[in-house]
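Common to both upcoming complexes is chain A, partnered first by chain B, then by chain C.
Coming up: the complex of A and B.
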């Protein structure tokens, strides 16, 4: 597959490059306080140095592991909750306002509760990431199931497919783009939840490392870690985003 | 032929109901809400009994503690501080999001350039930027407001931009025929046509601005409800954490329910014939 750059892609690239160069120039010329923002090239050096430190790789791996656990759990539970709410419309209507306001509540205030429940280890963070991601998966699963055209289900009935057959051949393929959207949000939200948790009270992971660097006035390390984290998270999200676009394009092309 | 299992129409009851059913539906919605609250209360009580009162305080104890907190002499100052930061952040996020979203929606190229950047910004854990925000704004209310704005503004931009893109081209041709100025087109055609989607964006923006402001308060402040929360967390005061979390859940759900009702009404008006 070849990557074709559109005009918009070139303009975007130029804009980002321009912004970075101006920031670099502003920092070097002393328009921005050195204590607040460091030049992008120094940030990159910091990221490079951080990447080569055993400790940072450990933190990064720890965060990825926690996010992975919370992702798997939230995908399974979110799909199950979405399917359940789809089969019980009344329950769905009752829960609707709650689902809509869910993301206004800072979930990580329940961190102390999870520490009591799970002990001082990885699992309270998994629980926060899970709580953040599971509702997005449930909402999108629900959306996908609701959008399956009635004709599909009727065709499955006409062809006398068993429930398992119609699930595999009709319902899952038809709902998959929406489930994928849910999964994409789950990745983003798991990262947000886990890293927020690491910031607040944890003793390990990227969030903790950034907070630690900030508290010890190590700006180069702090910005390096932030850049590193954004590259990892941004790369994963961009990949998921382009897969998603292809999925929907295929659906529209049918 | 088996009955279709598809009962989705019922969910968007607001869109499909006939006029005569209004009161009946409101009644059912009230019963549903009461059932939901009762169900959550029972779950909470059961969880509290299962885990012990130290880990998860009971609903009664939480409400009692909340009443004590609200009656405390310090509370109005904290609540006012949070409200001031939140309202300021919300106004900035909504206005900036609306203007930027309209501009990006009006130009196809600008929208294409900006969309992946916005999506990328939306998905990164913005909490990692808190040291940067603190270094730039210092401790205090402006850091909190900045935190609220960076969380809330992006969904407003994205929803507004997509709403403007989906406006039928004939509306713009009509505007040109009538020789409307850019401002007139924006106010009399674009905003009314895109309003339902814009309100959906405001709803998401509201929730995230609140979240951002509270996070900002937890780290960057000595005052406000977020600060009270973080202090209670540090001293392992579970009862206070639960009472404040309960207060936030109730306020956020109430505001969100009201916005959802406006949202549904506008969507229903925009597509009168598209009920299920």
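Coming up: the complex of A and C.
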């Protein structure tokens, strides 16, 4: 696959590089306290060191596993909720204001409750990641199903497709760009929920490792872990964004 | 007035509507039901090209839905090849809608092959049917392209191709050229006449355009404002071998004038309904 950089991409890259170079210079010149922020090059060294530590790889795998579980659950439940609301317009009208204001509710306050319910293990983290992500999937699924052109369903009827054929070959592909947007948000929200939970109370995971390094005044490790997390999450999001862009490109001119 | 039911010998009937009406339930408790269509009596001869013109909102598309089996009539009956059409689209009917219904996630070829593959047709036969149809619609060079890479007219040709590969015996067209400019419409009309002659299918065309109806049809049904009923049926008298050059024929102007004479009052009435 050939990556073509646009002018806007170059400007974005230049802005990020400029910010990093400025931070590096500010840290080296002593404008910023080394106890607060370390130079980006030292952060990268920390990330490299962290990557080679077996303990960090274990934390990273733990976090990815937890995020994966909350993602799978939120995708399944969000798609089901979206489809249900699409098929029941009255229920949708009732729930619409609640869905619209969902992200104004600080769902993270339920984390202690989940610890009480599930114990201090992976599942409170899965639950908080799920709670963060599920509504984004439901809203986007609902949006995607509502945007399917009426002509597609009528075409399926004219072709005498069975309900299962219609679902698999027409409805799901037609709604896929919106569903994919929901999945992209779900990835981001799951990471936020899980890492925040790990940061507060957890025995493992990247959030826990960052908190541990913070409490031990190990700035190099803390920033190294943050950089590592940025690279992993940024890489996943860039890949998803690229697929999403291609999905929406198919809708051009409609 | 000529009756739209009187255009064919009983032995040669392909489609028959008898006393068909369509009434929509009220949108709110304090509203009355909406009587959209009928009663309609219509008989289409096998291989006939019949167009329906009428003011906006008169129920033309509802009529098409009822004939296709996409909507059930509130009263009356529809038969296709002597079998009742009862809420399901029968085998042998193809429909092309006004809106772009090409599937953006499939290539042109896969779009055209879609219905055949879903029906379990073997791949060699799919190819045998799709390739000449794409060639006929001038899309061979775009077989691997996606609809987003095509113009509006090409996408509509793709939708027609996707319908044609199923070899429909009755082709229902709901303003398929509505979004195209006048020149492209005339050329698409020629292509439609070609495929009509080649396939021998019966065609029912819903259109806003009096020119299009005059150019393409054997007979034209003129509908009233809502609830739509046929107020006139005009036989064009054109030979089967015809093309868009007949627009310069004096009879073409006479025909269009007659259609407008029938429609003018109904169009004013329809306009008053919406304003």
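The rule is simple: the second predicted complex is superposed on the first by the 252 of 254 C-alpha atoms of A that agree within 3 Å, B and C clash if a C-alpha of one lies under 4 Å from a C-alpha of the other, contacts with A are read in each partner's own complex, and residues count from 1 in each chain.
We take it that a contact is a pair of C-beta atoms (placed from the backbone, for glycine too) under 8 Å apart; a residue touches a chain by one contact, two chains touch by 3 or more.
Computed from a predicted model, the values in this text were never measured in an experiment.
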Who does A:164 touch here: chain B (first), chain C (second), both, or neither? neither
Chain B versus chain C as contact partner of A:154, first or second or both or neither: both
Could you tell me if A:249 is touching chain B, chain C, both of them or neither one (first, second, both, neither)? second
Between chain B (first) and chain C (second), which does A:176 come into contact with in this model arrangement: first, second, both, or neither? second
Contacts for A:4 in the overlay, against chain B (first) and chain C (second): which applies, first, second, both or neither? neither
Taking the superposition as given, does A:29 touch the first partner, chain B, the second, chain C, both, or neither? neither
May I ask you to name which of chain B and chain C touches more residues of chain A? B
Tell me which partner A:199 touches in the superposition: chain B (first), chain C (second), both or neither. first
Shared contact residues on chain A, chain B side and chain C side combined as an intersection? 150, 154, 157
Of chain A, residues touching chain C in the complex: 149-152, 154-155, 157-161, 165, 169-170, 173-174, 176, 249-254
Contact footprint of chain A on chain B as seen in their complex: 1-2, 4-8, 10-11, 13, 29, 32-33, 35-36, 51, 54-56, 109, 112-114, 116-117, 119-120, 122-132, 134-136, 203-204, 206-208, 210-211, 214-215, 218-219, 226, 229-230, 233, 236, 238, 241-242, 244-245, 248-249, 252-253, 255-257, 260
In the complex, go through chain A and note every residue touching chain B. 6-8, 11-12, 15-16, 35-37, 87, 89-90, 92-98, 100-101, 103-106, 109-113, 116-117, 146, 150, 153-154, 157, 187-188, 191-192, 195-196, 199-201, 206-207, 210-211, 214, 222, 226, 229-230, 233-234, 237-238, 241
Using the touch definition from the top, list the residues of chain C that touch chain A in their complex. 68, 70, 88-89, 91, 93-95, 97, 99-101, 103-105, 114-115, 118-119, 146-148, 152, 163, 166
